[in-house]
Structures are given as structure tokens and as C-alpha cells.
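These notes open a run of structures that come right after.
Next come two complexes built around chain A: one with chain B, the other with chain C.
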Partner chain A sequence: MIKFRAFAREFRKELPGYLFIAPGYLAFIAFMLVPILFAIGLSFYKASFDIRARLFVGFAQYIQLSKDPIFKMALVNTIEYALVIVPATIFISLVIALLIEPLKPRAQAFFRGAFYIPGVAGGVVLSVVYLWIFNPTYGLLNFLLGQVGIKPILWLATPPHSFQAVCAVVLTFTIGQPIILFLAGLAGISPDIIDAATVDGANSMQKALYIRLPLLRPVLLFVLATQTIQVFQLWEVIYMITGGGPYNTSTSLVYLIFQTAFVGSNYGKASAIGVVLMVIILIFTAIQLRFWKDTDI
Partner chain B sequence: MAKKSVFLFVTVLVIVSTLLAACQPTATVAPTAVAPSDTAVPTAVPPATAVPQITITYWAFGTEGSTMTGGGLWSDWYANIFTQYEQAHPGITIDFALKGYDASGSTLVVDTAVAAGTPPDIYFDTKFRVKKYQDAKLLEDLTPALTAADIAAYDPAVLAGSKSSSMMWSIPADGGYWNMIVNTSLFDKAGLTNLLPQAPDYTWTTDQFMAACQAINDPANNVYCTAFFAGSTSMDSATNGWLAGWPDCKFFDAAAVQYTVNSPACLEAFTFLHSIYEKGLMVPGAAGLIDDTTDPYWLGQNVAMLDQGNWYDSITKSGVAAGTIQPFNYIFVQVPNKPGAPASPVGMSNPDVWGVFKQTDTAKLQAIYDLIQYMQQPDIATQIAVGWGKVPVRTDSNFTSTDPVVASPLAAARKFGSFDPYFVNGVPCGYTDVRTAWADARQAFWQDNADIKAILDTFVARADAIVTACP
Partner chain C sequence: MSTQIPKQEAFRRAVEKTIHLVSYFLLAILAVTFLLPLYWMFTGSFKLQTVTMALPPEIFPSHPTLENWNLLFTGPWPIWRWVANSVVVSLLTVILVLVVSSLTGYGFGKKKFHGSNILFIILLSTMFLPNQVILIPLFLLVRWMHLTATTLGTYFAMAMPMISSPFGIFMVKQFCSSIPDELLDAARIDGASEWDLFTKIMLPLLKPALAALAIFTFNQAWNYFMWHMVIAQDLLQFTIPVGVSVISRTPAAGKMITNIGLVMAGGSFGAFFMIVFFIAFQQYFIKGITFGAVKG
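== the complex of A and B ==
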């Protein structure tokens, strides 16, 4: 009883705070938590257009997925996208950030904007541009390759080029945000440390590798986590430029969810794929959080 | 302790999720008050004036601003028809809308409405897109909407496609007859007109086709003989239409309920098609191209010949009318037949059909039957067919046309017969999934050194498994 009174007193004291965060939490519950729980539940049902007429099938859809070659292909592709795009994004954006950082503020601002604009334009707009760039007969890329004597490549029609094409488009708009974050992180490094390294005789490369990079570890881990999640949810570029093809060689789990739910009208199976994806992202995030714990953030 | 907590958390999560999914309202059961019968309901249909204040939601495929072949807006045409109907049937209101589809060729707007429990009462679209709702057992039997005279008037082959074993799940308004389109301006310019099939029949063999194809093909000047596309499921009939030249090749065997596109005859057909690819006679990148990306090749006169000529005719007319392309001349010819085979029949598929979603109100269902009975009459159905550049499928419509895109295949159909590049006697269950599998197979097909037999075998195994898994 005493405990409850203490709790009630504490709650009254904190009430304004709770009221302030309530809209956010209510929105989270309504638009995130409930749909997630509903999708998990739906994955145990066979459900088509009329979800009300669903049939409980237990883990049958998960068992079916384990035998489905297209699901396996999508799963492998998704992991491959993450293994290619995330390191490439981090490497390219870090190099660009290191190149921009010594510039004067006005030049820095220009490059920050220039690299961030593709991210603002979004994957759909860029995909339309890239459809022209990758066109087999009148595309810019094959034209440029032709100028140096390379035969036309069917970028969107042959594996593994379709996979590479998706990676290239995604990289265009994923590097902008990490560049901004890395620049912010670099700006936070005390000039005294850099000066001390200079006095000790470190050259630019050594300063970058042994001073800046270790001190950027928190930003690196943040970028790694957010980029991994973003790439695992890759969808719109695949939808726009390859349609998952040719013969599913560029498909991803989220694209497969779309196809299964909204083309195949199999909402139960699509939910099961979604749950698998959620578990994978949770595992990756947990591993990354483990690294974070050891980081002084 | 930590492991125990995780286990407890996961257990609670699964239970809550399952309960949440299970607690949704269950499906309502449609009444069977209006009994379907094999014999048609005669003129005993009660007058709609007896029906008090009924609103019928009617969605047709299209978008706001969709135009009819020959001019005019579909929205205006429907508004006019429905105004007349409402005046003649007091108490009936028709809530009409044109609903488009997304780039995947799916009817996402309708799907969403169905999932939300608010489908339209009537949906008018091509057979394949309506069929998936029948597979999900969401449609009414439309037998009571036809009289015996109506049934007798329909092309039996087309009407058969609207039936399942137990019911008539749709009623066709029109059928899409088509043959190949050839840019004669390109052949004139190259002095190669003599290589094209000649009037009056415009038939040719695959050897004659190949001779013309190789002569006109000039990639250095950005002119290709033909084009195929396989980047999506869209317009796969443009590929399947070529099978007309191999009479023994059947995509699906209705009697055995099996896909048979890996038969020796089909293998021969696809080997010929792949030779077009191997010889560099087509726009490269077929596996990554969709119809939308192929259209500019035709409109820009970068491709000389294509199947499914009715589509390319419609976009050419639109382009010329809008002043966005240079006018050029074209003719319609038969798909080439293999040497020794009869002249190819005309491609015929994709009838536009009416489907009716399950109803709970018998009075409303009767009003819907009345409306469909009205719409499927020869004069109105013919207007719909002409508007889509298609052909009415009622023999009593006395239909003629001077437009070559309709007149040419129609004349050829009367002489050489018509050919459904997918199915005869109805569409099997699960075709949406099969169509996706077929797109995958076609993408594998348009590759260097493609193992055609293995691709077709893989497709047939996958497609048959889909049919077998049908409820």
C-alpha cells in the first residue's frame, strides 16, 4: 500500500512528462507495435484477399519458406546487398568526409550539400534516371564504355550485372547522410590531439588511420547500424529498375514481401517473410549493440 | 535468468500476436437466396423499379482521363450510360469509378479494398485480373444475369473461359484479337517491301520472316528487327502469341490440368525464338525490358515488327494525335508459321469481363444482375469493345469495322481461326502466381546460352505445383 502511494505520488509528479511523450507512444503503439504483433500473428494463418476468412496453419508457412528456393535466393541476395553496400557506403563516405574536412567552410558546405542532394531526391527519382543510364542501346553508361572500346553490357537483364546495378543506384543516395555524420564526428575531434600527432611526426595517412578513425568509432558504429537496417529494407530501387530480375537474381526480402502480399495476395506467407526479416535485423542490431557497449559514447 | 526472461518474452509475444490476429472479425457468409441455375433465367427478372434505394458500386479498369479508342473519355461514356440507366430504374444509383493498376500489373487498389472489406459490387477488367478473386472464392455466380438467348449468342470458346466447374464467375464483354504489326515505312526506306507477306492474307513462314528480319536489322543505325520483353509479367501474351505458328504447342492442357509448354513442339517454337536473340535481331536486354520501356523503340521507329499489334497501334495513334511522334505507315500481318504448318491463327485473349463480389443483400444482388444484363446487351457491349479496340464476343452484335487494327485480325480470325496463347476452356486456379513464374522463366530464356529445355521444364514443374496446391 505504501509502495503504491509512493508510486502514485511519483506518477503525479511526473505526469506532465508522461503527457508530453504520450502522443509519440500512442502513435508507436497504433502504427508500429499493433501492426507488428498482427503481422506475427498473421504469419501463422493462410490468408488471402479476405483476411477475415483466414485459416490457422501454425508454423506451416515457415516450414514452406525453408524449402522455397526463391525465398532462399532473396535471403542470400539481401545479405549480399548488406555485405556489399554497407561497407562500400562507409568506406566511400569516410574517404569523402576526410577529403572534405580540411577544406574551407564554404567549400565544405558546398560538398556537403552536393553529396546530400541525391538522398533528398530519393530512390525512386534516382532509379528513373538510372534506367536511362543503364539502357542497353541508348544508355549513358554503355555509350561511355563504347568510347573506350568496351562492348555494351545488359546491365538490368543479366546476372550479376543487375545486382551490381542495384548496388550502384543505392550507393548514390546512401552516402550523403554518413558524410554529414562523419564530418560532424571529425569536427568533434580536438585539434590538440591532431597537433600532438603532427609534433610526433605523423603524416596525413597515419593521422587518419591512427587518430581520426579510432576517435570516430561511435559514429562508425551508428552509421553501420543504420545503414545495415536501411539496406535490409531495400525495396524501391529493385521495384523500379529490375523488378527483382532477371529470374529473381536481384530480388530482396522486402521486395519478395511486396510480391507475395500485393501481387500474389498471400498475406500470411508475406507476414512470415516479414517476421524472418525482423528477426534477422534484430540479430544484427543486437550484435552491433554489443559493440556499442564497449564503446565510450 | 536472462535466458528465462527471453523465453518468457518470446512466448508472451507469440501468444499476444496470435490472439490479435485471431480476434479479427471473421468472414461473413453470403446468402444463397438467388439460386443460380444452368438454364438461364428468362425475362422473369423483376423490374428494377421495385428495388428501393440501392447503390451499386461499379469499378472499371482505367484511370481518370482514360480515353476510348476513336476518341472520348471513358468516364463520360459511363456517365452517359449510367444516367440513362438510373432514369429508367428509379431507386438505383450507380457509384462509378475508374481504378488503375500499378506497374506490376496487379490491381492494388481493388486488392486493398477487398482486404479492407469494401470491394466494389461490380468490377470490370481483363479476365486474368478478375480471375484471381474467383480463385479466392470472392465472386458471385452470374448465371442468373444471362438469358438463354444471351448464352446462345456468345462465342462458346470465350464464354467457356468465364466458367468454372460449378459456376459462371464472369461475363465477357469483348475479346482481344490481334496479329503482328510491321512498320512499312522502314521497309520502304530500305527497299525491302517485297520481303513482307502480301495481301490479302498476309501470311508467311518462319523462314520468310527470318529473311525479312535479317534484311531489315541494322543495329549500327539503331534499327532492330523485333523486340521481346520479360522484365515483368506485363503483356506476356506478346511472347506467347508467337506460339500460334506451332499448332501442336499448347501452353496448358485443360483436360489433364497440366502445363505442357515444355512439349517437343513448344521446345521447337522457343528454340526458333531464341535464334532471333542469338542472331542479334532484337532489341538487346529483353530480360530487363518491360512493355513501357519497349514502347519507345516502336514509336521511335527503332524496331520493325512486333506481336500484339493492337497495343502498338493504340500507342502510335495516341502519339500521332498528341504530336509527340513522327507519323509512319504500318500494316498488320500474321504471326509466322513454321514451314509446313497451316497459316497461323489470330491471337485472341484477355477478354474484358464483369465480375461481381459476394453480396449479402439479395435485393441488391438482383439489381446487380439487372445492371449486368443491361450492360452485356449487344449494342452496349459493342461500344465497350470498340472503345478498347477489341471485338465484341456476341455473335448477334453484327459487328464490322473499317479500322485495320480491328478489321485485319477479325478477317484473319474468320479465315484462319483464333488462338488463345494461354488457355482453352478457362483459366486454371493460381494463374497470378503462375504468371510470375512464367516471367522468371522468360527472363532466364533471354540469356546467352540459355538451356531452353531446362527452363521450360523448371517452369512446368513450378506451375503444376501451384495448380496442385490450389484449394
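== the complex of A and C ==
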């Protein structure tokens, strides 16, 4: 009885806390947690358009995936996209941020905004214009390449080029966010450190390479993590400009999920691919967290 | 000896000035390169079909025409309806995210209760999950509930996957933790209720953080292409990105190929709203992006 009273008193004290989180947490359970668990469950079923007629198949979907050449291409491509796009994004945005940083605030804001604008315009809009730019006969790119003596390239229809084309489109809108992050990181570096280096006779280039860059490490890791996770989820540009082709050479896991689920109505298989992607991202995040432990953010 | 130091100083200044000029030059080239697609799209929208396919391409339209824009506004596409859909879906998402994030974030940031740690960790662990995974179950849910049968249901369905934003809750929680308990205690002694503490003390303090979250969420919701495409069943349910993608895939009347000029007008129209939105709210975008990544 006494125990119960103590419990009741404690509960009453804690009640506001529960009430404050309740609406949001219920939404989280309904629209996030349950769907995730449902998707994991669905990956063990053969389920198509009529979801009630699903059939439990255990790990069969996963075994089939391991033998599926298109899935393997999507998996390899997804990793290759990350290996190309992430380092390129980081390198370009870092160079741009280091170039912007010494400018006056107004010029800083101008360039920071200019590089972010393609990102807000969105992947669909950019893909639409790139379809024209990549056109083999009247596209701008082949025309410009022709001026320096390079023969017309079928950008979206021949194997290595469709992959390159997707990377190029994605790069136009991924750099904006890292530039902003790097600039914020650079602004956080104490001017005393930079002044000390100036007194010691370091020039701008040396200050950038030996002082600013190492101090940016935490931001760099953050950008690496967020960009990689974003590129792992790449699909929109693929859907818009190559359709995964030719012969699935530019497809990705998420593109395959989209096709399998929402075009082919094969929900079980699509969920299995989703779970694979989830595991890849989890492993990647776990590795990332190990790095983060050393840097205090 | 005495002139030595000023000379060195002058030399160093000259070097710095040169580096400055070179920076401007390089930045200008890079900015032009990255903005070229948008320029090409916008100028392309004023070119006739024959001009868009002409070689060499016209860098600036020599005979600008409004035909594409005319076609876009008077053609078969209900583009203003798409804009309205995009605005409503994005606003609805923002409102729901703000309510969920502020209440839940405050609860986790300022209240002590059993299980709060484990509940928060579960929430946080979904932050980096690929959201395509939840789209299949949510799609089945939407179909099962026939949500797309009504306009309001469609809007809610389109907002659904973004409502419980772990990022938003995390952001508000961090912000609440940084506010001293004494502030709340003082009001509590003065007889304020729990709800008053939240609405009268916490919310005003949270305003800048919530503004950044709102702007950021609006942009994300606006460009949530895959989900909008999955949900939208007919022309009147399209959002702007879905509409732009469909225009880009529809051949011109009586032809095998698309009318590039029209597609560019559609793309420019679609890009216009978010670009204006970004220019108007630039600081909030930056706050939203840098939150959590950079200390201070």
C-alpha cells in the first residue's frame, strides 16, 4: 500500500513529462517505428499487389537477392556513387569554402547563397535541364566538348558515361550544404590562432593547409557522414535522366526499391532490398561513431 | 635596417592582395559553372523549339519568345493547382513537425521521467535510417485507408512520412537543455501551470530554433519527389516536382519528342518558388544546416 502510494506520487510528478512527449511519440510510433518493423517483417514474405495474399518465405527473398545480377549491380553502383560523389563533393566544397572565407561578409553571403541555390531548386528541376545539356546531338555539353576536339558522346546511353552523368548532376546540388558547414566551422576557429601564424610569417595558403584544415576535422567528419548517407539514398536523378540504364549500369539500391515496390508492386522483395540498405547505413554509421568519439562533438 | 620591415610588410600585403584577387576570379568561374544549368534552363524557356535544337546553341536567346510560357500557363497542365498543392502539403508538414518537435523535444529536454533515456535513444536511432524503407508500409496504409480519395486525405498522406522528424525533436531537445532550470522554477513558484511554463516561457525562447526548423522542413517537404509521385493518382493531385517531371516526359502535340522550351519553362516555374523562398529566408536555412554540426 505504501509502495503503491509512493509509486502514484512519483507517477503524478512525472505525468507532465509523459503527456508532453505523448503526441509526438505516438506519431513517431505510428509513422516511423511500426513502418520500419513492418518493412522488416514484410521482407520475409512474398507479397505483391494484394497484400493480404502474402506468403511467408523466410529468408528466400534474401537468398534470391544474393543471386540477382541486377541487385548486385545496384549494390556495387550505390557504393561506387558514394566513392565518387562524396570525396568530390568534400574536395570542391572545401576549396570553395576556403576561397570564400577571407572575403568581406557581404561577398561571403553572396557566394554562399549562389552555390546553395541549385540545391533548393531540387533534383527534378536540375535533371530536366541536364537532359537537354546531355543530349548527344544538340546538347550544350557535346557542343562545348566539340570546340576542344572531343567527339560527341552518348552521355545517357553508353555504360560508363551514364554513371558519370548522374554523378555530375548530383554534384551540382550537393556542394551547397557542405560549403555552409565548412564556412561555419572556419568562422569558429579562434582568430588568435590565425594571428599567431601570421606573426610567424605563414602565408594564406600555409594557414589554410596547416591550421584551418586540421581544426576543421569535426565538421569534416560530420559532412562525410551526412553526405555518404545522402548519396546512399540516391535515386531521383537516376529516375529522371537515365532510368537506371543502360543495362542497369547507373541504377542504385533506392532506384531498385522504387521500381520493385511502386512500379512492379513486389513489396516483399523491395522491403528486403530496403533492409539491406538499412544494414549498410547502420554499419557505416557505427564506423563513423567510432571516429566521432575521438573528436568531441 | 629600419626600412627593411615596412618593405617586407608591403611585399606581404601585395601577395595577400593578389591571393584575394585570384580567389575572387576562381570563385566567379566556379559560381558560373555551378549556376550554368539554371541559366541554361531559364534562357531556354524563351527559345523556340527549333532554336533549342540549333547548332551552335544560342548562349543568349537572340529572338526571345513567350510562346513556351504562354503554353505553360494556358495549356492542359493545372500548374497553379500544383503550386497550391505544394504549398499546402509543405505548410501542413511544417505545422505538424513544429507541434511534434516542440512538445516532444521539450518533454525530453526539460522533464525527468522513467524510461526517458531509452525512449529518446530509440527515437534517435531512426534519424539516419533511409526513409525509403518506411514508404512501402506507409503506402500500403494510405491505400488501405483510401486516403487519396479526398483532397485533405491526400495532403495528409503526402505529409505523413515527415511528421515525426527525429531531427526536429533532437534539435528542440538540445535547445531546451541549454536553458537554465532556474527560469522554469521561478515561474513555477509564481504559480504557473505546466502548460503555462511551456507556452509562456519555453515557446518564446524556442522561436528562433523553430523558425529555422520550419524553413528547413518546408524546403524538404516541397522537394519530397518520390513520395509525392507515389501518392498522386491524378493530374489534380500533383505537386510541382511531380508536375515538372511529367511535363518533361510528355511529347509535344503531334511530335515524338518533347518541346524543350516548354520543359524549360516548366522547370524555371518550378524552381522559381523555392529560390525566392531561399533568398528571403537565407539565415534560417543556414541556422538549420549548421545546427548540430558546429559548436557555438
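The working rule: the second predicted complex is superposed on the first by the 273 of 297 C-alpha atoms of A that agree within 3 Å, B and C clash if a C-alpha of one lies under 4 Å from a C-alpha of the other, contacts with A are read in each partner's own complex, and residues count from 1 in each chain.
Here is the rule we use: a contact is a pair of C-beta atoms (placed from the backbone, for glycine too) under 8 Å apart; a residue touches a chain by one contact, two chains touch by 3 or more.
What you see is a predicted model; the values in this text were computed from it and never measured.
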| item | value |
| --- | --- |
| Touching partner for A:Y81 - first (chain B), second (chain C), both, neither | neither |
| Chain A residues touched - chain C or chain B, whichever exceeds | C |
| Which superposed partner A:F71 touches (first chain B, second chain C, both, neither) | neither |
| First (chain B), second (chain C), both or neither touched by A:L277 | second |
| Which superposed partner A:V34 touches (first chain B, second chain C, both, neither) | both |
| Which of chain B and chain C A:F163 touches, first, second, both or neither | neither |
| Touched partner set for A:Y267, first chain B, second chain C, both or neither | both |
| Which of chain B and chain C A:D50 touches, first, second, both or neither | first |
| First, second, both or neither for A:L42, with chain B first and chain C second | both |
| Touched partner set for A:I100, first chain B, second chain C, both or neither | second |
| Contact residues of chain A, present in both the chain B and the chain C interface | 34, 38-39, 42, 51, 131, 137-138, 262, 267 |
| Residues on chain A engaged by chain B in the complex (per definition of touch) | 34, 37-42, 44-45, 48-54, 56, 131, 135-138, 152, 154-158, 162, 239, 242-243, 245-248, 259, 262-265, 267 |
| Chain A to chain C touching residues, read off their complex | 14, 16-21, 23-25, 27-28, 30-36, 38-39, 42, 51, 92, 96, 99-100, 102-103, 107, 109, 111-118, 120-133, 137-138, 140, 143, 172, 175, 177, 180-181, 184-185, 188, 203-205, 219, 222-223, 229, 232-233, 235-236, 240, 254, 257-258, 261-262, 267, 270-271, 274-275, 277-278, 281, 285, 297 |
| For the chain B and chain A complex, residues of the former touching the latter | 13-14, 16-22, 24-28, 103-106, 108, 111, 114-115, 117, 132-133, 136, 138, 222, 230-232, 283-290, 293, 302, 432-433, 436, 439-441, 443-444, 446-448 |
| Parts of chain C lying in touch with chain A, wherever the complex brings them together | 12, 15-16, 19-20, 23-24, 26-27, 30-31, 34-35, 37-38, 40-41, 44, 52-57, 96, 99-101, 103-108, 111-114, 116, 119, 122-123, 126, 128-141, 160-161, 163-164, 166, 169, 194, 198, 219, 222-223, 225-226, 229-230, 241, 244-245, 248, 260, 263-264, 266-267, 270-271, 274-275, 277-279, 282, 285-286, 289-290, 292-296 |
